[in-house]
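Could you have a look at this structure, given as structure tokens, before my questions?
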Amino acid sequence: MSGFLAIVRRELKLALRQGSDASTVLMFYVVVVALFPLGVGPEPDVLERISGGVVWIGALLAALLSLDRLFQPDLEDGSLDLLVLAPWPLEFLVLAKCLAHWLVTGLPIMVISPLLGLLLHMQPEAYFSLLAAMALGTPVLSLIGAVGATLVLGARRSGVLVSLLVLPLTIPVLIFGVAAVEAAAIGQSPQPHLMLLGALLLAALPLCPWAAAAALRQAVA
Amino acid sequence: MSGFLAIVRRELKLALRQGSDASTVLMFYVVVVALFPLGVGPEPDVLERISGGVVWIGALLAALLSLDRLFQPDLEDGSLDLLVLAPWPLEFLVLAKCLAHWLVTGLPIMVISPLLGLLLHMQPEAYFSLLAAMALGTPVLSLIGAVGATLVLGARRSGVLVSLLVLPLTIPVLIFGVAAVEAAAIGQSPQPHLMLLGALLLAALPLCPWAAAAALRQAVA
Amino acid sequence: MHWFANPARFMRIAETVQPWIAGLAVLCIAAGLYYGLVISPADYQQGETVRIMYVHVPAAWMSLFIYTILALASGVFLIWKHPLADIAARAAAPIGAAFTAMALITGALWGQPMWGTWWVWDARLTSVLILFFLYLGYMALVNAFDEPEHGARAGAILALVGVINVPIIKFSVDWWNTLHQPASLTRLDASAIDPAMLVPLLLMAAGFKLYFLAVLVIRMRTLLTARRIRALHMVE
Amino acid sequence: MRGTDPLFAGDGIACVRGARLVFRALDFTLAAGEALVLTGLNGSGKSSLLRLMAGLSSPGAGRISWDRTDIAQDRQTHATRLHYVGHTTGVKAALTAGEDLAFWSAFRLQDHGPTQQRALEQFGLGSRTSFPVRFLSSGQKRRLALARLVATPAPLWLLDEPTVGLDSEGQVALEAAIADHRAAGGIAVIASHTAIALGEAARTLNLRDFVAAGTEPLDPDLNLALGLTVGGAR
Amino acid sequence: MRGTDPLFAGDGIACVRGARLVFRALDFTLAAGEALVLTGLNGSGKSSLLRLMAGLSSPGAGRISWDRTDIAQDRQTHATRLHYVGHTTGVKAALTAGEDLAFWSAFRLQDHGPTQQRALEQFGLGSRTSFPVRFLSSGQKRRLALARLVATPAPLWLLDEPTVGLDSEGQVALEAAIADHRAAGGIAVIASHTAIALGEAARTLNLRDFVAAGTEPLDPDLNLALGLTVGGAR
């Protein structure tokens, strides 16, 4: 447990010290979402129609973009070798990394998403549902992302490759996340969608660290 | 000139050898664009309405994602020091890098974009205009991107930072590019928008290499 | 099973059976095409375009079938570290991707006359498209490493994670589509299929499976040889 | 507590990189308090051998054992008993020297501040505790990596060219640390191209003696070319 | 063509890293055929001085001149006359050894195949011409970086710890290359912690002698702390 906390603390320290990562990811998110009114035009009804999807797609891209650097720097500077030589199960290492990643990306993304919904004329009724869906969905993005990030370690052009591997796998999160928002926007209950998101999270919590740990072991071999 | 060609040849060799980069960028592009129907729903009329914007935003993101690795590997392995010690003006170095970047990202993106337009039910009348706009716009993305990529060299978390710097700068490309497509889709002439894109390209061609060269010199200091 | 563990023995056996499978595949496909394109009747609604079905449907079946093979081989490789399993998975992926592409393209060609559009974001079509991406991602990953073994294990983990995800994706996509859009597309009723259509369909399906086997063996042999050459190349 | 019982031993090890046999039929035995220096030309496989010893990768043939138990059986336990310092030092540019060391100690579940400060002082970094790592010179980074060795005890040290970039002071500090470690019954395996003063009971293994003939893909058998099993390599 | 005229000289150089004065009032003069060895403890500023000499960064005070002309006036011309080999080697993993060398030759506008092949042979890589760089060991990569020195001629060699990772064979090849270079009137500046056989007319500069007192942010003057002007440092 103390090893787990040591990792989380280190990751947060690195993230905060390295030019406020959390804010960079956040600003990327804002910029991407802000591109849409520019790209598709300012009509409120069109924007409202696509707002749920755009907010989620933006979150997906922002979370994934930062994945590239989740394990890669450790591989490059040699600390990955030492991390793999941990005196406790590697799955916890992955979990700690995911938790830190979520704290600096998923959490801020979640907090700011209603504001972006506002920019896109989203129905105010959907805000709460958006927050809840993000709270359940963004950790899944971090977990699935960790699998992608470890799989491409040592691969060439890992940056783009990781997005390519992870994007298709995260489609269910996108679909249920958007569905929860849209259900709330038209006055239906978002609960079934949120339950499904929760189920995804419960499934990812043991599975993803296991797969990522296997990938890690083999990345240093 | 022979130094210029040496760089282009090296970059292409690296790109092609490192697991077919061009195809990875391309696949990323396709996946991002394919996310939209999943996010906003399958109705052809909504998709058609946003198709121009989505195709351009996808191209922007795909081109930018690959920027991260335009100069960063050279910095990490020490070759940037040697590149800066070139026996000819550094501006050509940047131009050569941009050309290579465009050949492996912009060009394939341009070629495939009509196909993605098809997926999004874009009006067939707009295809030619889309191609022309991409032909003028994607080189600008590479050029502006190079400035961003050099500015963040040595910065921490450069991946997200470069997107953040570059995305706002490329908004004019996005706006004129989308305008050209939409004009053609409703039967108007895309020519004024294309001319504006051409003007952007002409302005970027001398300016961006100059700025990037200055940033490079200072990255190694 | 372990009897096949020796790649050299595999090469020898493969060499002998491979021409037979290939010949059988050609026979089946030729018969299926003849039956489907010449003998079987045109559909009263769809006209001649219905004949696309004889390529489209078996290809679509193959896309799922090969992904299953890929996942199975990956599992065998991860659990029993069987070298040929990796080679098989690696060899199968591009064939699967090609069949998936074929299903997509023939579907699009069919969609133009039938639905008046090349593509709709129907649940079934969307899941095939995502399956195609999974194939491409797998292939990109497996080939992105210097050490073939590294690529093999990474690919195997991805294939297994993918196979858990395929039903989830399929389920979510189905559901997504029914949410957004009521099914308004006319489809052939699968149960009421005419034997005149069923025979060429089954012939083609068998032909495609045999073709897959034949190409798989060729590709496995090529991959084995390529590794051998690579090893020899490493000599100073 | 120096013993003669072999504590750490390798038996008929073959190393395969890519599809290529780097060395084979390599044996070693080390008792408590002993040191082994790996020498050999560039590319002879010193780094590869150290990684095999750490359990980071697996030998193509043969086995490596600690106290007569194959290390492949429980890599996690093996990891707790070793320190590995490779070509890359694994120090984080954004942390301070003190934080970096503290992290690795906590990571190894032995977070004790005074020991860490002593370790930094031992390697001449006492005044740099709160100095960001990215301002350290290459030799100072190497010293920081070496300070980990003494900050948390472990019976097995695997050092890949540890003197690279060290000045004479740094080298003396390293030699003293190794001597203390061995006096306490520790084992050290060190790859190096330069001379390191290790005193008595330090043996040398020249990788040259185990290079596979002509570094060829040894065997016509395809298994070998596959680089998956090298059972017959010995 | 060994001369006594100072060809490459530094005059009152101060080096500022961050807001920190690393060394100051450093002078050197080198005539054709001479060699200078930089020594000094870790962090004394050897690497920083070499980068100043290459014109990669600018001194906080003083000037560096070639043939009596300040190198800051025309960095591009200065770049053509020097080879710099730093801590990182700048070889590209995805290229083959031959391609990597050919690229740097073409980049320096001197693409001549046979010279390159000879350079590789000189550093014992003759048989690795078409070997991907990523399969080379750390010492082999270093050799490849050093082969650049002889593949394209340049009168000034700036080498930062060039022997790191080299085995004895590699070191001999390097020493021979430096001797040839100097015999042809070239100048070499070499930072190193280990002994390098350079023969006659090799001088040593110990950076210790120029360390700013206590390596502290020297001056209460804010300008200094900002690292903006160090005019008064001398």
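Letters A, B, C, D and E mark the chains in the order given here, with residues in each chain numbered from 1 onward.
Note that in this section a residue touches a chain if its C-beta (ideal position, glycine included) is under 8 Å from a C-beta of that chain, and two chains touch if they have at least 3 such contacts.
From a predicted model like this one, the values you see are computed outputs, not experimental measurements.
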Contact clusters after notional removal of chain E: one piece
Taking each chain's C-alpha mean as its centre, the one farthest from chain B: D
Distance-maximising chain from chain C - centres being C-alpha averages: E
Inter-chain centre distance, chain B versus chain E - centres from mean C-alpha coordinates, in Å: 37
Approximate Å spacing (C-alpha centroids) for the pair chain A, chain E: 45
Rounded Å distance between chain B and chain C, as computed from the means of their C-alpha atoms: 34
Separation of chain C from chain D, taking each centre as the mean of its C-alpha atoms, in whole Å: 47
Multi-partner residues of chain D (at least 2 other chains): 17-18, 20, 87, 93-94
Sequence positions of chain B contacting 2 or more other chains: 18-19, 24, 27, 31, 38, 41, 76, 156
Of all residues in chain C, the ones touching two or more other chains: 133, 136-137, 140, 144, 146, 173, 176, 234, 236
Parts of chain A lying in touch with chain D, wherever the complex brings them together: 2-3, 5-7, 9-10, 13-14, 17-18, 74, 76-89, 220-221
Footprint of chain E on chain D - complex, ascending: 17-18, 20, 40-44, 47, 87, 124, 135-140, 142-143, 161, 164-170, 193-194
Contacting residues of chain C [partner chain B, same complex]: 117-122, 126, 129, 133, 136-137, 140, 143-144, 173, 176-177, 180-181
Residues on chain B engaged by chain A in the complex (per definition of touch): 18-19, 21, 24-25, 27-28, 31-32, 35-36, 38-41, 46, 49-50, 52-54, 56-57, 60-61, 65-66, 68-69, 76, 155-157, 159-161, 163-164, 167-168, 171, 174-175, 178
Touch list for chain A against partner chain C, complex: 147, 151-152, 154-158, 161, 164-165, 167-169, 171-172, 175-176, 179, 182, 196, 200, 207, 211, 214-215, 218-219, 221
